[in-house]
Amino acid sequence: MDIASLLGIASGIFLIVGAIFLGGDIHNFINIPGLMIVGGGSLATTLLTFQFRDVFAAFKAAYFVFSKEKEDPNEAVAIMISLCQISRRQGLLELSKIETDSGFLKKACGLIADGSSNDVIRNALITEIESLKMRHFIVQDVFRKMGIYSPAFGMLGTLIGLVQMLSNLQEPSQIGPAMATALLTTFYGSLMSTMFFLPIAGKLKARTILEVINLEIMLEGSISILDNNNPVILYEKLSSFISARLRKPMKEMVGR
Amino acid sequence: MDIASLLGIASGIFLIVGAIFLGGDIHNFINIPGLMIVGGGSLATTLLTFQFRDVFAAFKAAYFVFSKEKEDPNEAVAIMISLCQISRRQGLLELSKIETDSGFLKKACGLIADGSSNDVIRNALITEIESLKMRHFIVQDVFRKMGIYSPAFGMLGTLIGLVQMLSNLQEPSQIGPAMATALLTTFYGSLMSTMFFLPIAGKLKARTILEVINLEIMLEGSISILDNNNPVILYEKLSSFISARLRKPMKEMVGR
Amino acid sequence: MDIASLLGIASGIFLIVGAIFLGGDIHNFINIPGLMIVGGGSLATTLLTFQFRDVFAAFKAAYFVFSKEKEDPNEAVAIMISLCQISRRQGLLELSKIETDSGFLKKACGLIADGSSNDVIRNALITEIESLKMRHFIVQDVFRKMGIYSPAFGMLGTLIGLVQMLSNLQEPSQIGPAMATALLTTFYGSLMSTMFFLPIAGKLKARTILEVINLEIMLEGSISILDNNNPVILYEKLSSFISARLRKPMKEMVGR
Amino acid sequence: MDIASLLGIASGIFLIVGAIFLGGDIHNFINIPGLMIVGGGSLATTLLTFQFRDVFAAFKAAYFVFSKEKEDPNEAVAIMISLCQISRRQGLLELSKIETDSGFLKKACGLIADGSSNDVIRNALITEIESLKMRHFIVQDVFRKMGIYSPAFGMLGTLIGLVQMLSNLQEPSQIGPAMATALLTTFYGSLMSTMFFLPIAGKLKARTILEVINLEIMLEGSISILDNNNPVILYEKLSSFISARLRKPMKEMVGR
Amino acid sequence: MDIASLLGIASGIFLIVGAIFLGGDIHNFINIPGLMIVGGGSLATTLLTFQFRDVFAAFKAAYFVFSKEKEDPNEAVAIMISLCQISRRQGLLELSKIETDSGFLKKACGLIADGSSNDVIRNALITEIESLKMRHFIVQDVFRKMGIYSPAFGMLGTLIGLVQMLSNLQEPSQIGPAMATALLTTFYGSLMSTMFFLPIAGKLKARTILEVINLEIMLEGSISILDNNNPVILYEKLSSFISARLRKPMKEMVGR
């Protein structure tokens, strides 16, 4: 579990709930129809905007991004160096037998082993990266759109409440509580957008950037294995993708 | 009919109407002049911004996007593989006899059969894709602009109502209902924008992305048929456009 | 005269004026100093932002876009095909005698007849297209900026009115009408922006896109005439710029 | 002095001041602490965002853009044609003796006279243009940021005024004037942003576009002098940068 | 310490605090729970959006950007010229012994000394620059997002305060102070965003631009050393990156 995210969600909720408790009765902040308009309306409009499959994929991605460890680019560099060494000792054909979870790396190895040309490999892998980016963009977009729709439904709920209140002004003592209830949907909408949807969209975007770097390391590594197959040059090229501060020396990677 | 969209629209309307019913009389929310200002004004300004033909095309596209099934990229890959096999067995000239609904594929086949060069085919097909993208962009833009114009007309309606109310403050008992009526146009404008225009614009954009992927598969497939005409390499290249999870194995495609 | 635009403006004005009439006295909506702040202020700030010549050009372009018929890309394709046929029968030199309203086409013909190389022609014509795009962008930008400045001046006018009203609260009966007057400038600013400036900017942008397509057809056609001078290939290449649904068959174009 | 700008500023100020005078006492609109919060705060935040040197350069650029005449691209074309003629008659070496105010043209001439290759000249001059664009972008950005910061400080000032007023509601007769004073900072912030900072940023951007066109004419002209040194082709290439309507015929340029 | 930034922060705080003091009691502006909602909420949501490491890196970068002197591009040009002279006199191998703080320059020198080809060096160094840009973008994004989140939490705090106040309207004398307190969080959120987060994000962006220019000077310089190794051409190429006004003549650089 991502520790910063857990801390972020927990402290955010704590601060908001704390502020409500300090000011008085928390029941004033619970309004089931309001929650349904904002939550349900945002979800309904999101279903209208996207395909069912994309919305489902987005929620799954949001779950994984908080539960799964992110991959270290040093790891990807180390894998490419060991592939380089295998192919030097045992020939490029050996790469077709590599066992890996990554479909991308498997495809790269298969293409090298099949004797595909430099250009074919580069084009196929770039297409893979581009279509992954596009799919991830849609997943992020689901949350970004929810972050736009939820305050809009909050405002719609408040407008409904205001119109109802203003149409029946007979009891002035009811104006205050009625307005409080009307404002609640705006509160719900902003809270959902600011504390959940927008940060999750941001997190998914950041994770995509990291994943794409790993894939680019594998792409450049594969081309390099095909071209000259020298572990030192490979390391020099691939390590450029990693911040100098986080970069591991080659020795650590080869020694494995 | 797109099931997610149907669900989205139905539940969205249900939630809003339900919230109105819960709070009291639904007649307070019906105001014909207000609806005319917002709906009519948005449509009028959209006609001023675009050509009549574009607005008409946009509404037609919105109808199709909800009624027509979207095409599966696996289908496009399978078609290109079978074209590849036909042209291997019977020669490239045979492609000119292909029957297809897609004008794009027909043009591609015609250009290959005519013996056009790699560059001519690529340029003509890229121009087709670019001009399709541009036409679709205009269609999306019609709804995006309606999503901007409708809240603006909602606010204009509210301003008209407020000015009229403030100019005649003689009867204080009328202030509440008058303000309620004035707020209704803001409600209409936001509702139309959030629940219809913006989601439809989003859906059209998503559908364009899918369609362009299909065309790119056909483009790359056509070039590949001309270049080396090998179904295995073709499959390897074209399958990169599809998410690994949805990708069908080559056997399923060839066996048909 | 563009029929959709006329319809758009007429129905938009009708709806707004109708809503004002329904609600009461139209005199409440007329405030000369308010109109001067919003209209004059927007114009003054636009003059400060742009050159006098650009603002003048923008208003002229807005007039033409509504009065002049837009050009049909099929027409441009037909012209290029007939130029292709002339140059085949009578030689490339004959192109220098072509009579045309389009300075762009004249330049293209002149360069071909002068025996300029493929690259020189492409570069000169691309520079022409780029500088046309840039000039049109400035013209659109004049209206886009007016669409931003006018609501800003509307708000400034309202602030002036509010400050004046709040500074003199002695007569409570005057508060309502004073606030109504203050709100009028916001109404003027939003109305001008939503009903005139932004739609005109949008229309000018759409018209630029159409014009650039026509120029690109001429550019690609000129290069093609120089390269291989085959009307069938020319048609195949240029028709890709036109939507399949609107595309005219080659026979119609050649038969003229 | 730029006549349109002068007219714009004068009429804008006249309209605003006139509207204030019409409505009553102008003293209600003067509030020194408010002016200090908005003006001082915007400037302070701008200093925090940029370097001292950039802010200083921005104010200097704003002064020059209104006082200095802009350069005519026809002038740049004429200069390049005369350089072309000099280098044809007296050799490329002669270009090193050209006297000019423009450091860019001096560098171009120096590189040609030094016998640098086509690529070296193009790269050095493109780097010059790119770094000029970037410096100008920062200068525009100073005013764009001031146009964002000033309404933000206006709102901060109003919030301060509202909090102070609401904390001391004992004297109801003071509520009106106190709110009027609070609103003044919002008025100042919007006025500065709309009437000064944003238009100046726009003007600087427009001036940069013009200047870059002049530099691109010099760049293309220099390359052309090196390549074939033909004044007619040179004119044909360079005149594409100028709108057909403003373009001067070659005769006028050569005859000088 | 960056003098403009210090001046900016000091004068900004002075103006705001001064305005509060002038208007009365400063205690009205201190509300610990409000500060916690806005400050804590923004930080919590930022932790949810980014990785812990990125947030930490951002605060460190913000500290350095105000304390560390920025590097002068003339310095980078001078270094490249001296490297050019060393490699001419003592051979390219000598470059591997260069002592420098810059990991980028060290890598460039190492690659040259290793006899890597032009393309390998260019690609490795461009990858370094791109990944530095991306890391810096994330760092800027942390502050940009805080500049978005903090006013959002300000509004959430105000909504909480308003709902609490409106739910308990029994004591009308409490309405004013309660609203004042509710508005305070909006004030905090806007103040933090306008005076700290957005300017810091802007400053970091400006610093990144400067740093990238230095790296591009080193990149172009390294390629140039490998290609022809002529200090005069090197100076001519690299000085284009510097504004003509700030550019130092070559003599000053070589003489060292």
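Odds and ends about this structure:
Residue numbering begins at 1 within each chain, and the chains themselves are lettered A, B, C, D and E in the order written.
Basically, a contact is a pair of C-beta atoms (placed from the backbone, for glycine too) under 8 Å apart; a residue touches a chain by one contact, two chains touch by 3 or more.
The structure displayed is predicted, hence computed values, not measured ones.
Touching subunit B and subunit E at once are the following chains: A. These two copies of the sequence, subunit B and subunit C, are related by a rotation of 70 degrees on CA atoms, to the nearest 5.
Averaged C-alpha coordinates give centres for subunit C and subunit E that are 40 Å from one another. Subunit C and subunit D have CA centres that are 25 Å apart.
For subunit E in complex with subunit A, the touching residues are 33, 36-37, 40-41, 43-52, 54-55, 103, 107, 111, 116, 120, 123-125, 127-128, 131-132, 134-135, 138, 145, 148-149, 152-153, 155-157, 159-164, 166-169. Remark: subunit B residues 2-5, 7-9, 11-12, 15-16, 18-20, 22-25, 28-29, 70, 173, 175-177, 179-180, 183-184, 186-187, 190-191, 193-195, 198-200, 202-203, 206, 209, 213, 233, 236-237, 240-244 touch subunit A in the complex.
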